[in-house]
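Just so it is clear, A, B, C, D and E label the chains in written order, and each chain counts residues from 1 on its own.
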Amino acid sequence: MEFLPWLILLSPLASAACILLFAHRSKALSVTLSLAAVLTAFGATVALLAAGSQTVASSVTWINLGPALHLTIGLKVDALTRVMLLVVTGIGALVHIYSTVYMAEDEGKSRFFGSLSLFMFSMLGIVLADSLTMIFIFWELVGVSSFLLIGHWFTKESAAKAANKAFLTNRIGDFGFMSGILLVWAATGAVGFDAVQQNMAKLTANPALLTLAALCLFCGAVGKSAQVPLHVWLPDAMEGPTPVSALIHAATMVAAGVYMLARLFFLFAPSPDALTVIAAIGVVTALLAALMATQQDDIKRILAYSTLSQLGFMVAAIGCQAPGSAMFHLFTHAFFKALLFLGAGAVIHGLHHEQNIWKMGGLRKTMPKTFLTFAIGTLALTGAPFLAGFFSKDAILLAAYNKGPLFFFPLLLSAVLTAFYMTRLVVVAFFGEAYHPTGHGHSKDHGHDGPAAMTVPLLILAALSVIAGYGFFAEPIFGHDLFHTAHSLATFSAAGVLEYVDAPHVALVPMLAVGAFVLGTLGAWMLYSGKAKDPVRIPLFANRFYIDEAYAALIAGSQEMLASVSDWVDRYLIDGVLVRGIAGLTWGTGYALRLLQLGNIQGYAFIFGAGVVVLLFLLNK
Amino acid sequence: MSPVLFWAFTLLMLAFGVSVILNRNPVASALSLVGSFLCLASLFVGLDAFFIGVIQVLVYAGAVMVLFLFIIMLLDLKAEQRRRFNPIALVGGAAVSGAFVAFLLHVLKSFPAGSRAFPNLGVERLDDVRLVGFALFNHFNLPFQTVGVLVLVASIGVVVLSRRELK
Amino acid sequence: MLTTLLLVPIVTAIALLLGFGNRSWAKASALVQLALTLFVWSGYDQTLGGYQFVSASEPLFAGLDLRFSLGVDGLSLLLLLLTGLVTVAAVWMSPKIEKRANLFDGSVLLISAGAAGAFLAKDAFFMYAFHELALIPTFLLIGYWGSGERQNVAWKVTIFLAVGSIVLLAGLVDLYLAIPAALRSFDLQKLQEVAAQHLIPATAQVRPWLLLTAGFGILISLFPFHSWAAPAYASAPTPVAMLHSGVLKKFGLYGIIRLVVPFLPEAFKQPVWGNCTAQDLLLGLLLCNILYIGLVTIAQRKLDYVIGYSSVMHMGYVFLGIASMNLIGLSGACLLMFSHGLSVAALFAVSGAIREREGSLNFERLGGAAKAVPYLAICFALATFASIGLPGFSNFASETLVFFGGFQNGASTFLKTATILALWGVVISAVYMLRAYKAVFLGEKTTAAAKWTDLDGSARFALAALPLALLLAGFFPQYFLGYLKPTLEAALR
Amino acid sequence: MQTLTLNHYLLASGLLFSLGFAGVMLRRNIITIFMCLELMLNAANLSLVAFSRFHVGTDGLPNYNAQVLVFFIITVAAAEVAVGLAVIVALYRARQTTHVEDLQSLKF
Amino acid sequence: MFAPITLEILVLVLGFALLLAESFSNAPSKRALPKIALFVLAWVFAFSFFTAPAPDTVEPGSFWNFYSASPISMMFKRIALLTTMGVLVMSLDYESTLAKFIPSSRPGAGTGEFYILPLFTCAGLMLMASATDLVMAFAALELVTISFYVQVAYMRSNSASLEAGIKYLILGALSTGFFVYGLTWVFGLTGETHFDKVALKLAALENSDTAILFALLLVLVGLGFKVAAVPFQSWVPDVYQGAPTPVTAFLSVGSKAAGFLLLLRVLEPFLGVSSIQPKVLAVLGTMAGATLIYGNLAALPQNNLKRLLAYSSIGHAGYLLLAVASVGATVTGFGAVGTTIGFYLFAYLLMTVLGFLVLTAVSTQTKGEEIQHFNGLSKRSPFLAFALLVAMSSLAGVPLTAGFYGKFLVFAHAVNAQLWVLVGLGVVTVGAGFYYYLRVVAAMYWYEPTDTAPIHVSSLSKAVMALLVVCIFVFGVNPRPILSALQGAPAKVAAAH
């Protein structure tokens, strides 16, 4: 039993190491290794699921400095872990398979699969982690693998930039995360989840410190899950190959923030202020991202903003004391968003790297399988009744409703917009006439469905997008308790124990949700059906509220300016005035002193005599 | 020694000293120097150091002065022509010398033994040459030998430095 | 054993300087040095701890316990390993020398020998003395084979370090004299025992503390004594930059842990200026190292300067570990010395290789090199990741320890604040290192870069050993910490 | 006039010494400078003899150690003058000058 | 076992013998003279390790009243002997230059005394090292001084040499005047000339502090001149530059060494007077600081190596004075100040002689003493360059060379005496020192030579250089032999604090 988690964790690492050290010259070998690793992990996950729902834990020492500090690399498998494990290995396996085709011609294929394995290792590490330090370790590592994968086509300036941006933005979040870990450790003396939970009394005794620590930890999630204000990296991350976007920037890595919040919910729960901030950030992200999505033309970017928006939902759910709902949405979202990205990848692949939806059109006919699956994914995302997204989004809206109208209505609006922009995408790209640069006729090769290795994953994911929301499918995976919490709110009892209470079920909420779906879908259909170019132009949304520009200005104005000032200070004040000044003063003194040496005997005699007199004076002072 | 004689010889000695400095002609300076040294020898005699006084006359007035004059003549040195004192050097030199004298006065003033008169000698007649000789050749033998070597070195030096090229 | 270890590079260097042999001698010497180091490492009994392989001469001064004595404990062993690894890489990564190659190789070996001697010495005096063995070779190497304003830089670094050493010497003597006369000794082992008795009154600790910190600080490029470092590394020939920044600079930190920490612990709590304690002073300076130098690094537009300044910046973290004055922080500091040494050496190795190919390290002239020189790119990437503290590399483990050290029970508010601010430095270092990496290896390929040839032959192994060692230590830090712990516990006793 | 004290002699000697010293600083002719140096040495001799007379020993004799020293000083001074004048002769042969301001080629 | 004074007698006899041999021989070359001298001096040096100690009781009239055979004296005698040998070796290399400036019909004529005079100087230095009496000190000092006058001005058709000679002569005589006047006062205050008796009398004197200080200062002037302490240093650069190079080396080492030993001997009685001790130390400290600054900083802009070494010699006097100024502090564990000074000077001997040997060899061939004449020396003559590199490193105080131990001990004493201002100045001047010493190294190793012909050096010089290099390193690691030779028995000077 205990070896299974280790097998899950280490098989991708072994694959990555082998590819880096030995196999990087052979593409086929690299692919095989990587695929074998991810399938092993998936198999082990299934085996773990089959083995029952008890908690499995095991650890090895990483750093042991006696009583002062003992850090372990420990694995813990509980209900929450199982959900994530299945999502990560399952979708991971599908994306691996899909990538064998998608990346077939790429010269950096070995590197790609190596990085993918590294990512699997890091992501699984987050999932399996049993302590703050360990989660942080893998937190950083997913950042690296994400960096490598976004920058896969590194000769493209934009890809290289996007990779750096993603990494740095995450680093800012990680700064907060690490600060939070330090605060928690300083207060409780522990970093293991269980140990911290046992010592929570020490933290709750100081509410201000608790809130500070919680918010610091939340920063990590803000970075990784691309919440406002650190959301800017995710759209740019679409520079990476599409399978990467599907796996990392839609289904798994970006969800890690939510997973972490859920995992550490015991730490957030006692701090209502922290929860409110979290909910607010989630709501703002959901709404802003949805607004931005409505005006994007790049198929992947639309999906990216959609991801942002959905992550906002999940974070908001945490803030609304519904971690179960957040996880539930994470679970369903992983399937349909992966599906959408892979579908978009199929489109891009079929259209020879065309990503502008206005240059697509009519794909419904040329790529039927892709269209079908994409449509299912869209419906699931937009919250069409009886598909996966409907159930999970409903749970979140319910939690927000209970939190207050300030949280509920923006989320509802976001739901409307979700339906709106997704329908816009489908209508423009898949319906209507095929785009031709000259305005008429069909291009010779206007898309086709990919080979089986591409379509089969799509079909599997489409099926999952339909059924993932139903209890018969989700409950065995979640386990009864966790699945149950999806429809409940968490409170912190007087005894200091986390409890889940069933949320008062308001019938209005699902009705409003359906209404939102209908409103958004119909609105978009009517607005965009048959249009060859965008009838609406809202520069504010199209330009993402100018946040990137503001950041660029901010960085130029603060960091770059500070850097130049520091450089100037270092060059001219410290090195120039201080160092060279002292050196010059010394040299100058020497130069002046040698002038005493006039070469004249009488002068020397005078110096001699004056010296005698001065010394006499000093002696008689 | 009677104070009168002391003051007379002292003032004369200092006057000759000033003359050494002020004379432009080296010959005159040299002769003034002899004068000064003769007065000095008298002061030595006044201090019951007869032998040293005699030596002073013999060595300085007799030998050293001749040497000086000889060289001056040999090199045919003229008086300094229009070579006035450099005013800066004058002021500086005077200031330094003046300060030195001032310090000296300060020292003398606070020197308790200085205001005492000379004690009387315990003997009637000083067998001064014998006593000096005894000290020199007996007790001070080693330094004396050393000074002998010194004189040898000096004579080698003089020979080396002033010999003419061997044609 | 240790004498042999020390003599191998010295004798080889002398042979080279006298005109015998060629570079393969230097390579052989470096390998033997590393092999002997590993042999000593394997022979060191970790369970026993303390100094082992000790050899000592008679006292060199009558009435003074000053001996030529060698010995290793866990800390020196780790740094010796660092020296061995970096020396091998440095010799192999040395550029092709046209003129007077033997002088070059001999001087490089002397630098390595100086560092090894400093870490091997079990006597404070010789620890100090061996460090300066590197001074003149560095002067010659930078001045003759350097790049850029090589002569100015050679002057600057030499005089800076000479002044630092002499301040250090004054501090050393002051510390020595602060010990009660009967117990005075230069023997580090005996000093350790003396220090444990805490015989120096708290107020008397401040002056030696200041002198030693300033002296070592100059050698370590502690703010504001840092201005020699970046230009020196930028101008120095590759192996010099590697050895100097990777190994030699660690001497100062090593010295602080050997002398300041055990002897002057009270000084950290003593006021030096108004209410400002020595610890506060050190924290202020190291924050300048981290944040201010970090910003300066961001402004650099040349690869060698970026690496050079980054090396200055990272010293701040080691100081932070030391300033926390607890086992966690010090363990982190020691491990970071090792990690930073390896990573910065690897960075300089690659940047030197690029300079050899391009002749310039200006960002404007570089770009997209990863296609042409993937091996160098990977090594540089690994070293970059290590240097910005990514998990898996031991830099991360050490920095984590340093941060935890800053938050341990009893840490002052300023220490905690400083730790958080230092944490921000991690972001800064990512900014400039990734920018540098992108500027050189990613993006559009420049025409020049397209013609470069990748590293090949045995140099690949020599270079790869550095990041691999980092990974090893990153995955299994406990193995190394086990060696360090007895030493540090003794220092903190 | 009061009785003569040690200070009288010391003052005379000191003044002579200062005179010589001033001469060294002021005169430009090397030969004259030498004369001034002789003045200084002789000033010291005067003090010595005075001290010799002042420190009468238990045997009632002046302290002859000082007079021996004076004897040495006179010898040394003579030797110095001899060597000095030899150098001056050599200098005059080489440079036709005995003035110090002509000797300024070595400086700074 | 020999009576210690045998050493001086042997040296003097050697001098006389060679003098006679020189006058009666018709050999055109005088090169045999220094070789014989070297051979004999080497034996004398060896004998110096087999001398009998001083008798316990000293009879009146015995030379032991003037003469000390303490370990430190013996060590300084050896320093004098070694320096002389080094100078003789240098003189051999210098012959061609020397002959050029001595007008004569035959080559080599007139050079004989150049090899013989150092022997008398050496005897003077050895006597000075043993002097325990003011009169003796004066006689030996003047023997040394007068022989130096002759040697400095030896190249009598070289105007620089003559100019240096005149300057040295006049200023030297001036300092002698002050010294003698000071001796007068010391005698006047105490009625004694032996240092020990002077010490006893001085300690018993009352109300005479001003006069004691006056006397001390006048003596200090004379000795300060010898050791090149500011403000009595002004002769040093000019004389060093103008004098024949071997003489410069001799002045730099021998004169300074004997001067410092005498300085310690003279100071001892005065420091015994507790009421003036702080003032004396303060003045010594001031002189040390001024000397450090002047010597080291004024050396920075020098381009002539000989002149540079002259300033450096002033600088080293500063470090030594720093040690002297620290004698007031209590026991340190670093040995006495006298030991420190002895070791420092021994190290200084090694490195300075080595430096001047190379300078002589190079300047004879390149016809110049500027630093630029050393450009690319490492290519022309790697061995010479390496030797000079070692000498310069040692002078700069790089560890593991003998010069470093000297600095280490000096700083140790200064720190112990809490002379922080001076330590601070020391830090600055060490930095400056690195600059100007390494300028020579930079010239040799960084720059290209204008002429690539190798520099010819006699095998004797080469052997001596190699020996000196080895010694610098050996004593740089293990100073024990020198230190124990200096400390051999509880030396009196060693107890100067």
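The working rule: contacts are C-beta pairs under 8 Å (C-beta built on N, C-alpha and C of every residue); 3 or more make two chains touch, one makes a residue touch a chain.
Here the structure is a predicted model, which is why all the values come from computation and not from measurement.
Among the remaining chains, those touching chain D and also chain E are A, B.
By C-beta contact pairs, the most connected chain pair is B-D. Of all the chains shown, the one with its CA centroid nearest the global CA centroid is C. Of all chains, the one whose CA centroid is most distant from that of chain C is B. Relative to chain E, the chain whose mean Cα position lies farthest away is A. One simple way to say how far apart two chains are is to compare their mean CA positions; for chain B and chain C this gives 69 Å.
Centroid to centroid, with C-alpha atoms defining each point, chain B and chain D lie 5 Å apart.
Rounded to a whole number, the gap between the C-alpha centres of chain A and chain C is 36 angstrom. The geometric centre of chain A is 101 Å away from that of chain B, both derived from CA atoms. Looking at chain E, one finds that residues 135, 138-139, 142, 146, 149-150, 153, 156, 166-167, 170, 174, 178, 188, 210, 214, 237-238, 428, 431 touch two or more other chains.
Residues of chain D found to touch two or more other chains are 10, 20-21, 24-26, 28, 33-34, 50, 54, 65, 68, 72, 76, 79-80, 83, 87-88, 90, 100, 103, 105-107. Residues of chain B found to touch two or more other chains are 89, 92-93, 96-97, 100, 103-104, 106, 111, 113-114, 139-140, 143-144, 147, 150, 153-154, 157, 161. Chain pairs recorded as touching, per the definition above, are A-B, A-C, A-D, A-E, B-D, B-E, C-E, D-E. The touching residues of chain A, when paired with chain C in their complex, are 20, 61-66, 68-69, 71, 133, 136-138, 140-141, 143-144, 147, 151, 154-157, 160-161, 163-164, 167-168, 171-172, 174-175, 178-179, 182-183, 185-186, 189, 559-560, 562-567, 569-570, 574-575, 578-579, 583. Across the complex, chain B is touched by residues 1-12, 14-16, 18-23, 25-29, 31-32, 34-36, 38-39, 42, 45-46, 49-50, 52-54, 56, 59-62, 64-65, 67-68, 70-72, 74-83, 85-90, 92, 98-99 of chain D. Residue ranges of chain A in contact with chain D, taken from their complex: 594-595, 597-602, 605-606, 609. On chain C, the positions that touch chain A within their shared complex are 156, 159-160, 224, 226-228, 292-293, 295-300, 326-328, 331, 368, 370-371, 378, 385, 390-392, 396-397, 400-401, 403-404, 406-409, 411, 416, 419-420, 423-424, 426-427, 430-431, 434-435, 438, 441-445, 477-478, 481, 485.
Against chain A, in their complex, chain B makes its touches with residues 86, 89, 92-93, 96-97, 99-100, 103, 106.
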